[in-house]
Amino acid sequence: MSWFDKFTEKSLRRVAQSSSRRGFLRGIGAVLVGSAASAPLLPVARADNHSASAPKEEGDPTQCEYWRYCATDGFLCTCCGGTYNSCPPGTEMSPITWIGTCQNPTDGRNYIISYNDCCGKGPCGACLCIRDEGDRPIYRSDKTNDYNWCLGTQSAVYHCSVARVVGLAVE
Amino acid sequence: MSWFDKFTEKSLRRVAQSSSRRGFLRGIGAVLVGSAASAPLLPVARADNHSASAPKEEGDPTQCEYWRYCATDGFLCTCCGGTYNSCPPGTEMSPITWIGTCQNPTDGRNYIISYNDCCGKGPCGACLCIRDEGDRPIYRSDKTNDYNWCLGTQSAVYHCSVARVVGLAVE
Amino acid sequence: MQKLYVQSTLVFLFALHAIDAWADDHRSTPIEPDPMGLVETLPAEYPEHWLLVMDAAFFHMLSGKVIVLDADADTLGKQYKGSMNASFIASLAQSTTKPEFYIAETFYSRGVRGDRTDVVTIYDKSTLDVLGEVLLPGGKRASAMPQRYALTLIDDDKLLLVYNFTPAQSITVVSTETRSVVAEVAIPGCVLAYPTGDRGFTSMCSDGGLLSTQLNEDGTLDSQERVASFFDTDEDPVFERPAIIDGIAYFPTFDGQVRPIDLNSNTARIMPEWSLVPEEEAEANWRPGGIAFTAKDDAGQLYVIMHPDGGEGTQNNGGTDVWVFDVENQTRVHKFPLKEWGLSIEVTRGENPLLVVTNGNFELEIYNSQTGELIRTLGGFGQETPFLVRGAQ
Amino acid sequence: MQKLYVQSTLVFLFALHAIDAWADDHRSTPIEPDPMGLVETLPAEYPEHWLLVMDAAFFHMLSGKVIVLDADADTLGKQYKGSMNASFIASLAQSTTKPEFYIAETFYSRGVRGDRTDVVTIYDKSTLDVLGEVLLPGGKRASAMPQRYALTLIDDDKLLLVYNFTPAQSITVVSTETRSVVAEVAIPGCVLAYPTGDRGFTSMCSDGGLLSTQLNEDGTLDSQERVASFFDTDEDPVFERPAIIDGIAYFPTFDGQVRPIDLNSNTARIMPEWSLVPEEEAEANWRPGGIAFTAKDDAGQLYVIMHPDGGEGTQNNGGTDVWVFDVENQTRVHKFPLKEWGLSIEVTRGENPLLVVTNGNFELEIYNSQTGELIRTLGGFGQETPFLVRGAQ
């Protein structure tokens, strides 16, 4: 899903308790790790340990600030019985999706992220996360989060959204 | 309706902003004008003006304290597009009802009040009013407000409750 | 407080007889019994300051509703006029030629699962009763944040246009005369339906162009005409949410311009853009934004929610101000600061219009539209997320 | 932040190539792509401290749900395990012999109107998928505040009992083996179904008596026996909401007594009542009350929400304390003050049970059931009005 980008103090409280009353929405945008399209990214400092066992990503996937969520909009499945890449029990992952490009601060790489919605149970209601950068009006269906993306599923009822890595932005 | 007697601070705030946190539920009971059954009522002071044009009842029917609501439980139809004795547009009044006896402070008389539910649209959600005196568990279906009383209507979906005078308690 | 059936009540009433008899001769005549089954009705034409509040109930989408409020009234009891249910992010249209509302909504046979049914439910304005419904085939109705032009009446309200997204895009044409579906018109790559020309509509397209469609009297497709791309949808996007004044749709852009499009002829005509932001305030980077953040009044003024410090990602945020524009002279005539952060706006019809703002607490702030004075705030009417408000027409 | 289909993404990715190539050889191997379509599952037997939270969504009754939470977890992400929808003040039962949940719920074909369908929806505990449903004929299912014994499993969970109120009272008997309705048993004047004897249930009646029913193996009526009135339903009412310990149902009374009823034999047997309130505290007029305000643990202790200054009208209020009783010795063993006002309680199974309290803010407070220490408060999980919580069995 993703059409609750439009946000509001009341609901945002569930996400970010500390924002000031006015301009809190802008505050949410500020946690983003920079936009690859609007300004080229510099590689971030790399971890000292380059071994295969080094963590490939860091951060808390139940928080809106998590790196994969740079273009998500909706309830985070990590707070609904799923994970950042799997749907909660009894829901169905939508095969139609929108795509974002997020930078992983751990390895400095840009990944293509697919924001699949999980469908078939009513709105989860937990961990609403809204990030609007790169969002366009609904005439750009490839870039809008104003639609409910529970399309091609048995039920179009929206429950929550995951953030799957589908590839490296550059090989 | 009437099965939201069970109450809670959160919802009660909509009704009574000023109650103290603990024991606020008891506070609601305290506004009642005494129980005709548990103690005989003394006639209240009568208005000086006894003419036919004198008001027959006083108070604000959008408030839970209004005299007719002594046994009501649910959303007041006066806040939902109805009045204290009529349903909001497009709803249907339930023919099955529970009965209370309330004292009208204006004339000191006891009236039989029928608390019909208005049905067929989703919960109104405004002016929740809870008074539990005389309520009994559901084995006393004549005296319980734990049921949804949208029975015998086209739809059993509860919207709000009215408080109809159906007769004088004593002639 | 005693809750009794009549029989048992009569028993103890007998016991009270002595007390009441004492007082009886001193009293006025008692209250007459109320009739059974009374149901209120509303006027077939609503007063100017009544609102249709579309509560999508985002956390409980099956339980959305449209609430009819009188913004002039002081108390909730007088404000709340009635309600209609509206399932799964429904759309609303109001006829001015028939006393009817149309709600395009979606049901599943088991709430969130089972068989899908899309319908246009027809309500009587006066009784708020369901007059009938039109089944929409194919389960295509777009499921999206509420949009004013996702459900559009044209041709003196004889035809109702339902926007579909599956993601294939089309318009289902419903006759409000026969209460049936009469056609489906493909609008590939385009969205929504802004009323246009004699009996048609214009849609906004992914290439930054437009598609103007005219229908025959029976609702079937007559002709379609594409208007070439006039903006860059990536770099310089136009919002798809205009206010339409005298047939000219004023579309704000992300960066604070307004792009008027003349919809009076059968094909849309692009007009020169102008800026919403006076030059001397350009540095604060004011931008339009919100949910339904544009509105107009019957005098032809344009209203837009604005926020300072705008940029990529702020376009749906809402704002601190409502700015009012004279579209003839392309000048700002008022700059109203809002009490709370504003998400959506509407302006009521008539000569003394009210400005209605859905704020971040999901209450409605009512302002004098000419002075910007806050008159009252409407809340506690059972609303969850009233994203969109329509003034009664 | 860029939301692109793969095609358009690839275009600008090319532009980034130079930058990334610079860094590539210094880096660890990249993250592997995630598979498509993953869906979580749960264990078929839930851990001891998992909860089934019944959120009736009183302001949006069509959108009720049952939320599975782990009360041991520290963060919402770890607490929230899954959910099931539950329409129109549904009831829940959990089998211990099959990995199944049963939800008795009601739908209308158009949300709040149209044709009514009552069903028992059968969920798989592990997948939270719908395994099937049993249509309940007649639109009789009781619509009331949630009750633990409005939906009761008996006979090793082979038979499921659905309480009906139209206002005629009956029990619809569903076979969980054949997933079909097998009988309807009239219980005139009586309510609910407390499991009783070999294959039966007891209902509480309007005269202050009981009705014990035994069923045949196929679920049809075998026998019914009335137990004479043992209390005055007007003057000295017994709550219909017991905790059942070793087949003995402990029913609190309005005035602070407890009335045990032995349900181990085929006919209920009244046992002597005893007081919940120690004599030295009688003056404060402590009374039991709330919504689901009784619970028990596997060690056989009884838990009751209590409030001081009780009286007519306070019986559903909830309270400031949870008191814990040794039912063998009929003594209070703990008196736990609650952080917030408490409405409903539950105690989890096993040797280290947790006390769960639905508070007046509609959050869940988790206490150590033996010390009364507040461990954590669960909130923000999308709940509206979680009237009733069940420990996972």
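Think of it as A, B, C and D in the order they're written, each chain with its own count starting at 1.
Assume contacts are C-beta pairs under 8 Å (C-beta built on N, C-alpha and C of every residue); 3 or more make two chains touch, one makes a residue touch a chain.
Because the structure is a prediction, the values reported are computed rather than measured.
Comparing chain pairs B-C and A-C by the number of C-beta pairs in contact, the larger count belongs to B-C. The distance from the centre of chain A to the centre of chain B, with each centre set as the mean of the Cα atoms, comes to 48 Å.
Note on chain placement: the centre of chain B and the centre of chain C lie 34 Å apart, centres being C-alpha means. Averaged C-alpha coordinates put the centre of chain A at 29 Å from the centre of chain C. With centres set at the average Cα position, the gap from chain C to chain D is 39 Å.
For chain C, the set of residues that touch two or more other chains comprises 1, 59-63, 85, 111-113, 130, 312-313, 382. Counting partner chains per residue, chain A has residues 32, 35, 121-123, 125, 131, 133-136, 142-143 touching two or more of them.
Those chain pairs judged to touch are A-C, A-D, B-C, B-D, C-D. Those residues of chain C lying in contact with chain A across their complex are 58-62, 88-89, 106, 108, 111-114, 116, 139, 142-145, 147, 165-167, 169, 189-192, 204-206, 233-234, 237-241, 290-291, 307, 309, 311-318, 320, 340-341, 343, 360-362, 385, 387.
Within the complex formed with chain C, the residues of chain A that make contact are 3-12, 21-26, 29, 32, 35, 38, 96, 120-123, 125, 131-143, 146-148, 150-151, 154-158. Against chain D, in their complex, chain C makes its touches with residues 1, 57, 59-63, 85, 87, 105, 107, 109-113, 117, 119, 121, 130, 133, 312-313, 382, 384. Interface residues of chain D, counted against chain A in their complex, comprise 1-6, 8-9, 12-13, 15-17, 19-23, 26-42, 63, 65, 68, 75-77, 80-85, 123, 126-130, 380-383. Listed in rising order, the residues of chain A touching chain D in the complex are 14, 32, 35-37, 40-43, 46-47, 50-52, 54, 56-57, 60-62, 70-71, 75, 78-83, 85-93, 95, 98-102, 104, 107-112, 115-116, 118, 121-127, 131, 133-136, 142-145, 164-170.
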